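Across the two complexes that follow, chain A remains constant while its partner is chain B and subsequently chain C.
For the complex of A and B:
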């Protein structure tokens, strides 16, 4: 991992079989084609991205190839940097949510929720029970939408085009629901400090029920179409293995961590919103390969739908938001709040100096850690595997670059 | 009539067929893939977008054609031609009916394979000349896969040849009047489909232009009609492969239980319908399956397809020799 200016840092150490801290930092630049083998062929250094069909946005990966084999790879991030953390210092608390949406644009609700939770902690605002349930409901719907995008792009990365369009078909229903409730398809700004923007309308409730009534069957179809495919399994089983130690060492969270056999989920282990009242399972896989990450995410969609059903059936009566001042001025102090976004633990550390704007907002993007782990395990695989590995850890560049 | 005039007309017919096939396949690709993908495909130009292809062709013809700075100019301009010409020549031996064939060659099957094996030359030239690393990898992949699958493809085509006792494609098709060869040669039929998918560069084996890995493979740096030629030849290869499949295994222009004479000129239509049904299946595969990895592809070619096709050729050879002995001359 390096930014665009950095040319020397930790060069070459990722070429080792297992990532470990280097004994001494090599002086050679990793970016210079270094390999000349016994038949005097040189390695090829290719720029995968920022314009490339499968870099999920504007990721740039420098890949050193020996034929088809990846010898070293280095990801270069920052092409989508918008300075969300800095911008947040110049926005009132009520307006930061719009920035957070633009972080991880695939799962906006979770980003807003992380900020809202941190703001509530620092300003000591209580949230009505109904608002918490609505947060969980919308969050889980958004999780399904996000995982569907992942499923579809995983198909694209392994060369299957249809899966993406089937996934987008179902996601369209979800975006329709989210638009009905929040007024926006992706940039919701729905979860605000103190509660949520709108209550659920009967029409939206009907749509959600309709979606949930068919989704499990659709999910089985999706799973059969991609996961049940012989070629997909040959491409993903045993490829891109992140073992338990590596996963923990890289600070992976979310489905990537659970696919490596560590059962950790912020929703269960540090419950927020109304997750302590929900009944759901945390899927865990042991093998840590791409297929394990795939299975975990598929099962998470099923569990998310289950949580949605509980929410819609047991939605408590009450207000959808607490009475919050128009201009929020929390007392000086700081707070950290984390949510389980579809990509892992998404945390917001908020420092208040008593004014109406945050003094500092730090945003922990889970996909960044996934990207680093992917970068570490890619050397030694084939070019086609590299694409699948980077896709499998679910990188969203909006979140990584912030 | 003048011999040269006839030859020229035949070549023009092949060219016309190739262009028409390209137009049909672009439309078919969009619509078939579209409906497989629960979307509509082009709908604006004409009823159900039938004139979209026309607009595409116009676009390809009129588009600016920039040449990248560092390309090997001669090869860069030549490569689409090197790809295009063999594709066109391959039409020569395809029998559309018992009498409609551009050139009725005694070694038609061998000729078609020989001509088609020139294709990777053009692809690797395009990849090399483009001065683009993705193109280069694409070109190298195309050579690797075509070299590996040439032999299994030819081996898979041998059982029908042995049963029909001829390398002439017309004779092979005619020999299927009793039973289409896919039934007695089922393993060879399946092997031929797999090897043919590789040779025609079709999903799940579209290694040389794998868009999620290599951007657009060997075609990355090509624009305008040069790109058009590359893709025309690809569509044409799909057609050639499908017509070989139909000729070798699916009875050519014949319909079961209908005497050939009764078909008359409709035989060509029957042939084309069969070819496009095969192409439909190819598109179905394309809309569904992920892509295999290049090493898996090569391993499958050398370790599975080649031995399997050799074994089946031996079995067929033995059967062809033993059949008359056992059943008394009914070959």
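For the complex of A and C:
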């Protein structure tokens, strides 16, 4: 794809009576049309969601169908909008973490970390080495928990049920560990500017070691159960292909981008916390279909467990947080910090005006970019595949709507 | 990574952009400030240049109190460089879409326009993204958030 117009044509935004884009783009171009095509089959506009089991939250998708084939689709978001960016302008730096948790609620540690990193950059705060290692450890445990949710629901989207129960069993162990360390199962508020809230307890360490001792074997089982399933492969191989150019054009990041053959990972290319001290591989696939995204995420879980093992074995001694003023007043300035969340590059662009509250906080939601890519590639596929495609890019509406 | 400021300046000059200001002091990286009318040409020029800023990381606004700064956060995958293009827009003015250069801008532009009270032109679907139609542009500093008491007594 060399021209954005090709993408638009591919995205099905052109209708039969408007076969090419005029120079002046009419504002109504993307409205879903209704009516009949040349062979006189009636098109049906189906409204999926916002409370549909396969929309992963409160997402509404309008699809225009010709039989079972999707002709056009448009996603409608905003049902979960809470104004996190506006609220952040009215809270002290130490209180924004609770808002970030409520963005992408499946991987709270990463959200908090993105804000903490941006606040540390703008306020020039150093973080103790042990705190950085704890951030990596908890972040990677959270990544496995998040990918397990994706793995379970991806199967549900393609008609399988059993793997969801096994995924939730393993996630339960992880949530137990996270609760032990942070005190919460979802809204952790654990990573704070300057370090982390609590140090690792001996009991939590024992639980993490117990989890890691069995996880690789369980992961092989998970993979055999879903990835080895012939029906799942038939439903995902060659379906929902996002090629390299489309992935870049639509701003995809994370596992979705790497499944399309672009090797970019914030942990390696913009290292933060203690990732520059870790030894891990970054899985990349070329085919860009749903199965590639599945394989990349399965391998990411294996690598995450590998990083956790390094963290727990080599955790350096020291403080778990730096001495930070109770009320932060960073000097005026701007900073951008990004983390590799399970959904991709989660960035926080922070503007400080020298007061105790952020002047502006922009939260880059990676799932939003995934959603618009899914919306663009869905026309031309079957409705059942559309469900799988939207599931495969791992949308979390709490993050998209903020 | 920070690109070389002189290389970017000469690149913009070759693309026919005059009056671009470059700075990296106190900012998130190298910031290029250009006139509103040039925004589309600058983003396109940076994409077509040999630096190949083909990846739009993010697009958002900042209410500075005098105007709305629209920020285009660009990344070159080939050279591993990052660049921020800032364009000042007056309140209530027009935000010209760059979706033909970067389709990734489609949804962020809708969000930015509704949140900062700008009108969106050249966009295939310029509806509100997150807010109900008719909502106040929430991220402007002039729009106050209600206290819990105000909400209760509404």
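Miscellaneous remarks
One rule holds for everything that comes next: the second predicted complex is superposed on the first by the 367 of 402 C-alpha atoms of A that agree within 3 Å, B and C clash if a C-alpha of one lies under 4 Å from a C-alpha of the other, contacts with A are read in each partner's own complex, and residues count from 1 in each chain.
As a working rule, a residue touches a chain if its C-beta (ideal position, glycine included) is under 8 Å from a C-beta of that chain, and two chains touch if they have at least 3 such contacts.
Note that the structure is a prediction, hence the values are computed from the model and not measured.
Touch criterion met: A:87 reaches chain C, while chain B stays clear of it. Of the two partner chains placed by the overlay, neither chain B nor chain C lies in contact with A:265. In the superposition on chain A, the chain among chain B and chain C reaching more residues of chain A is C. The touching residues of chain B, when paired with chain A in their complex, are 33, 36-39, 133-134, 136-137, 203-204, 206, 210-213, 215, 286-296.
The part of chain C that touches chain A in the complex is made up of residues 26-29, 54-58, 60, 62-63, 71, 73, 77, 80, 84, 99-104, 106-108, 115, 122-126, 128-132, 138-139, 145.
Within the complex formed with chain B, the chain A residues making contact are 44, 46, 52-54, 65, 68, 155-162, 165-166, 169, 225-226, 229, 231-232, 234-235, 382-385, 387. The touching residues of chain A, counted against chain C in their complex, run 4-5, 7-8, 13, 25, 27, 29-31, 74, 77-78, 81, 83, 85-87, 90, 248-251, 262, 264, 269, 332-336, 345, 347, 349, 351, 360, 362, 364, 368-369, 371-372, 376, 401-402.
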